[in-house]
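Below is one structure, written out as structure tokens; the observations come after it.
We just call them A, B, C, D and E in the order they show up, numbering each chain from 1.
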Amino acid sequence: MSSVALPTSQPPLLSLHDLSLSHQIDGKPFQVLRNIDLDISNGTFVSIVGPSGCGKSSLLRLIVGLDTGFEGTIAFEGAPVRGLGSGRGMAFQDHRLFPWLTVEQNIDLGLDATNPPAEERRKAVREHIALVGLTGFEKAYPAQLSGGMAQRAAIARALVTRPSLLLLDEPLGALDSLNRTHMQNELLKIWRTEKITFLMVTHDVEEAVYLSNEVVVMGSRPGRIRARVPIDLPHLRQRDSAAFVALRKRIVDELE
Amino acid sequence: QEWPEVIRIGAVPSASGKAFATGLTGVAHVKEFVEAEFKDTPVKVEWVYLTGAGPAINEAFANKQVEFGQYGILPSLLGHSRGLPTKAVLAYGGVSTFAVVPKDSPVQSLKDLKGKRIGTMLTTMMHWALLEALAQEGIAPDEVTIVGLQGLDLLPAVTSGQVDAVFSASELLTLEEQGLAKVVFSSRNGNPLTAGQGNYVADKDFIEQYPEATQRVVNGLLKAGYWLAQPENREENFEIWAKSGVSPSILAAELDGVDLKSLINPRLDEFYRGRVAAAVDFAQQEKLLRGDVNPEDFYDDRFYQKAIVELGYENFWPDRTADGRVK
Amino acid sequence: MRGAATSLFTLRGPFPRSFALALPFVLPLALLLLWQLAVVRNWVSPLILPPPLRIWQTFVELWQNGQIAEAFMISLFRIAVGFAAGAAGGLIVGMAMGLSDTFDRIFGPTLRTLAQVPTIGWMPILILVLGLSEAVKYIIIAKASFLLVLIATADAIRNVPRDQVDAMRVLRLRPMTQLTKFWIPAVLPSIVTGFRLALGAAWIALVIVEMLASTAGIGYLMVWGRTVFQLDVVVVGMIIIGLAGLSLDRVMALLERRVSHGVHGHG
Amino acid sequence: MECTDMADVSAGTFIPVAASAPRIHRGLARWAPLTLLLPVIILLLWWLAAYFELGSPQLLVSPQTVFLAAFTDPAGSSVWLSAVQSLARLASGFAIGASAGLAVGLLTGLASLADRSLSPTLAALRQITLFAWIPLLTGWFGNGEVTRQIYIALTAFFPVALCAHDAFRRIPLAWLEAASVLRLKPLTRLRRLVLPAALPGICTGLQIGLVGAWLGTISSEYAIGISDGLGGLIVLGRQQFRMDIVLLGVTALTLVGYGIGAAASRTRSYLLRHHGLSK
Amino acid sequence: MSSVALPTSQPPLLSLHDLSLSHQIDGKPFQVLRNIDLDISNGTFVSIVGPSGCGKSSLLRLIVGLDTGFEGTIAFEGAPVRGLGSGRGMAFQDHRLFPWLTVEQNIDLGLDATNPPAEERRKAVREHIALVGLTGFEKAYPAQLSGGMAQRAAIARALVTRPSLLLLDEPLGALDSLNRTHMQNELLKIWRTEKITFLMVTHDVEEAVYLSNEVVVMGSRPGRIRARVPIDLPHLRQRDSAAFVALRKRIVDELE
């Protein structure tokens, strides 16, 4: 299978420029992010790795528009981001499905903002359930799913909104290694069939190398970008290939 | 002639907790004496029984929830002194009081209670009547210990021996009936000063606006009093009063030999006025009053005077002196 | 800055600071105004809704002639004795119930069922049996606190996470260490919470018992006020009851926070 | 203001059914009849004491007298009707108080303008033992049914309002954020997130409110005017010095209260199960 | 550095024979472990890997003596295990420090059973705090520590009891990859300096290969031993060496 070429001709889908963020901790300002510059092109799969507390989640929250009050600029599809808006979806590390709604109803919520006709709506929900391999579990409540299944339902809920950019905050963090490998392949499949741009935070370097076109390595105190490592390997990647192991080592070294 | 839509008469229910009264009110209510006065008018008469006795009726007056009220002289004076626009229009007669002691107690009469503990409801008509009863026996208030108790606690307090005697109204008779206690004092066969004295009180604004209606209410009540004082109605009286929960036979036994005419005497006579003055003294002594009250301001005897003449009852009930003797 | 998501709805807009600070006083002031107005305009008789100023005068009067202090001391003494007895008993029985299933099975259901009998149900029975002594008041207050402390204690012990108990067992602590370093600190916060609830319940029981079967104390002060048709005394009584209840609760809340802070060492 | 503070709502105490946490010490505990041991012993002692007349027979009535009074005694057999009367009173008082509580809880929970202006006053008023309101309430609304209904409504109002308020306030930020990211429309947000998320808390409030209102019902019958119902029956028993009637009334109010509590918690778990809120 | 030779001459420190365990689930017996046979020699580092729910934690609980009621035999230092006893320590996945005690006090609890003289006691606590790199945090409460620090304190609390066998239940599960690598090296150091036998459960195959003399692969439903893979590599191991990658792959294959 061939590597996905990084498209460079068109303007970036997301572009962060000189982005900084401070939080108040104990009344004192505490710089979480400093001078982040990052462009993400349409259709790519970008991963962010970095030590705990370096501001990865904070960065995603800014991009999706949950938090404002940053300095610098965030431009999405050419327009500055000022808050929540269409085109950007997000799946959280903890799945955040609503426990009182079935899988189906949870995913259906993703269509509330656009409110398509009923028939189309049912179809979209059905298809996305199939996409994440949950057919048969439409009527199940989140409590009746395993951690991995719930995570997939959450991804489907984010996907069904048809975002051009999907932000994933450690989507596989809760899974054990076997399930994790499986879900990595599922993500890859979704990414390739849906042609959506993925920006994923992970703490597993191997995962980042396995999935992404590019790995962004962040450093902490304050959170900043240390390196951007393009991964030019064809999918599906062999984790024990020399090139893979080398890239992995390079990123781990960058991290230390 | 202008008529009110409704006339509400507030009353203290019987001790057994049923919405009926004994005495004059019981007869007037059951035999519809007041209603009869308004036959030719659109006026409706309602009887409102308020537990919580005096305080509740005062509150009802303040709320304009009743036009008339029948309750003790003491609580009605307290209400009046605090600014309720009330006037006494008719006496009600005596509420019998009793003292009971445990069955096996050596106490035989009030005299034996010197130095003992007596339970009663403080700052009520009963407290006041107890002091009068003790005075009759030459016992000063500081020669006994008066223990304050709330209504429902009187019965267990004496049966459990916590006090040597309790002093209150007819609810104490339950104990005798159950063989737990014996009555050592009853105001029924003694001095009327030792009975609780009550009155009918009316709203001043009502009196002024509807003098004719007020007159008719007083007339009706007096007719009821007249009826119940007739010896041939004695048995029927007991049956009416039994509606409040005591058996007619017990009533008959209790009131054996008691003259209902002198027990239930509605006159606003010297005796009544004397009782009002004594109540003021008692209230001041017990610090129940704020400021002064003028007893003369409390009653309005125009209706009573007119009725008693109109109905020819001038000489029916005995006229009494301030200390309760028949003139 | 946290964005739009933190509020349930846009309804919860941000206000200017001074406005926000003033808001809590708007309603009480409005009520006070309405109250005064109701009296001035004669919507209700001042006899059953004494004007605020009158309440204040009565308060000062009752304060100066010592009636408030006297009634309050009586009430306080009753609650001190009743609560101490009830809480001590609840603590001991609760510990036994928490530690021993057998004990719990024997006493638990019966005690929990008896707990459902309200104060107003106990009172006539106790008064009929024991007469009208101070003991009845202590027993009723003690009963109100006993069961809440008992249940809090038993549940606190039982709810110590199994995981922590396992960790404690693996360390093979000596019995005294188990008690002082594990059981007591582990259950203290919940027990203090139980004490707080129990004190609230005891206060309620006190007021009821004083209003229904007593001739002294704050509760009776109100009953007396009603008897002599001085509803301003009643309102003063209510205010004292409210303030005292509030203070007791705040003190316990403070203790609660202290215990959980000291114990868990946050901050 | 915490909802759990409201555990003590009225004349009595609301005690949640204990959670069955893992036990540490097991002994005889598995032997089922153990639970009945204490009640049987108490009943036996009571019966023996009455049988040998260890107290005055008027006070120490035997258990069977109390039991039989419910069927044979003219005053005692009114206990059935009394229970129905009390329940009817509870139903209307609770309906009024709980609706008002829900409305206020909704308002203060959702709109911070209402929250800031109402909640502190409510918190302060709550500190006044409700029973202490009775003299004032009777002064304002008379000595009858109106005051009783208001009193019962108040006993239900406070826990319902406070728990509803808390339930809305405590909706986890995580869910609110998820809803924002999905850009739910306000109505969907209310229907799909806010109300279901607050449901358990609201149920707790209704549960506490119901049990509290039952005690409030009895208190109101006992202390406000002449009343029918179980409270009235107990007063009657006291006035007539009939210990058997008093005990019968207290037993009935306890059993009915227990039933109400159990029914409420069943309803709650049914409701929550139906909303996928518990496993 | 040379590989640690597996000592075979002396009798095993721990020996499990035909061990089975059933739990009641919904009143029905459910077999958690079946016919486990395992010998562990003194001074070795053994890891257990296996899918979630295969009974790894249950096995450790049996060995330490928290649960009894098994079938078969567990012999420790030649004597059958009937309950908790000296010589066996355990650190749990969640640190289980007591939140009301400081780091120092928590670790001190480990000495309560043997109750050495005060001076010696203080010294042991100090040394173990240093050993896990927490000097300076003696007076901190668990809530003031990061997840990794709390984990290290818990390991110190288990170590200070001077067990001959230390059971570790996913001790590094809570850590991010950087801290994890660091702690792996710390564990190795402790193992080598303290000459304690380690039996560690992990879900990270790489970690198992990196640390152990032997990896026990478990299967599930019911929990049983699928394979025992000796790791004959010298420490410190290179994670990208061919031998390492091969062993890792072999274990992952055994797992699937």
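A few comments on the model shown:
Simple rule for what comes next: a contact is a pair of C-beta atoms (placed from the backbone, for glycine too) under 8 Å apart; a residue touches a chain by one contact, two chains touch by 3 or more.
Going by UniProt, the chains are A, E = ABC transporter ATP-binding protein; C, D = ABC transporter permease.
All values derive from a computational prediction rather than experimental measurement.
Common neighbours of chain B and chain D (ABC transporter permease), listed by label, are C. Note on connectivity: the fewest steps through touching chains from chain C (ABC transporter permease) to chain D (ABC transporter permease) is 1. Its C-alpha atoms superposed on chain E, chain A is turned by 175 degrees; the angle is given in steps of 5. The greatest centre-to-centre gap from chain E, using C-alpha centroids, is found for B. Pairwise, the chains sharing the most contacting C-beta pairs are C-D. A straight line joining the Cα centres of chain B and chain E is 89 Å long. With centres taken as mean Cα positions, chain E sits 49 Å from chain C (ABC transporter permease).
Separation between the centroids of chain A and chain E, computed from CA atoms only, is 35 Å. Residue positions of chain B touching 2 or more other chains, listed in rising order: 52, 59, 62-63, 152, 156, 159. Along chain D (ABC transporter permease), residues 59, 139-140, 177, 179-181, 238 each make contact with two or more other chains.
Every residue of chain A that touches chain D (ABC transporter permease) in the complex is listed here, in rising order: 64, 66, 84-86, 89-90, 92, 94, 96, 98-102, 105, 109-110, 112-113, 115, 141-144, 157-158, 161. The part of chain C (ABC transporter permease) that touches chain E in the complex is made up of residues 163-164, 166-174, 177, 181-182, 185-186, 262-266.
Residues 174-175, 177-185, 188, 192-193, 196-197, 199, 275-279 of chain D (ABC transporter permease) are the ones that touch chain A when the two sit in their complex.
Every residue of chain D (ABC transporter permease) that touches chain C (ABC transporter permease) in the complex is listed here, in rising order: 4-5, 7-8, 10-13, 15, 18-19, 21-29, 31, 34-35, 37-39, 42, 55, 59, 109-113, 116-121, 124-125, 127-129, 131-136, 139-140, 168, 171, 173, 176-177, 179-181, 186, 189-190, 194, 215, 218-219, 222-223, 231, 234, 237-238, 243, 246-247, 249-250, 253-254, 257-258, 261.
Within the complex, the chain B residues that touch chain D (ABC transporter permease) are 13, 15-19, 49-52, 56, 59-60, 62-63, 65, 152, 155-156, 159, 171, 174-175, 178, 180, 245.
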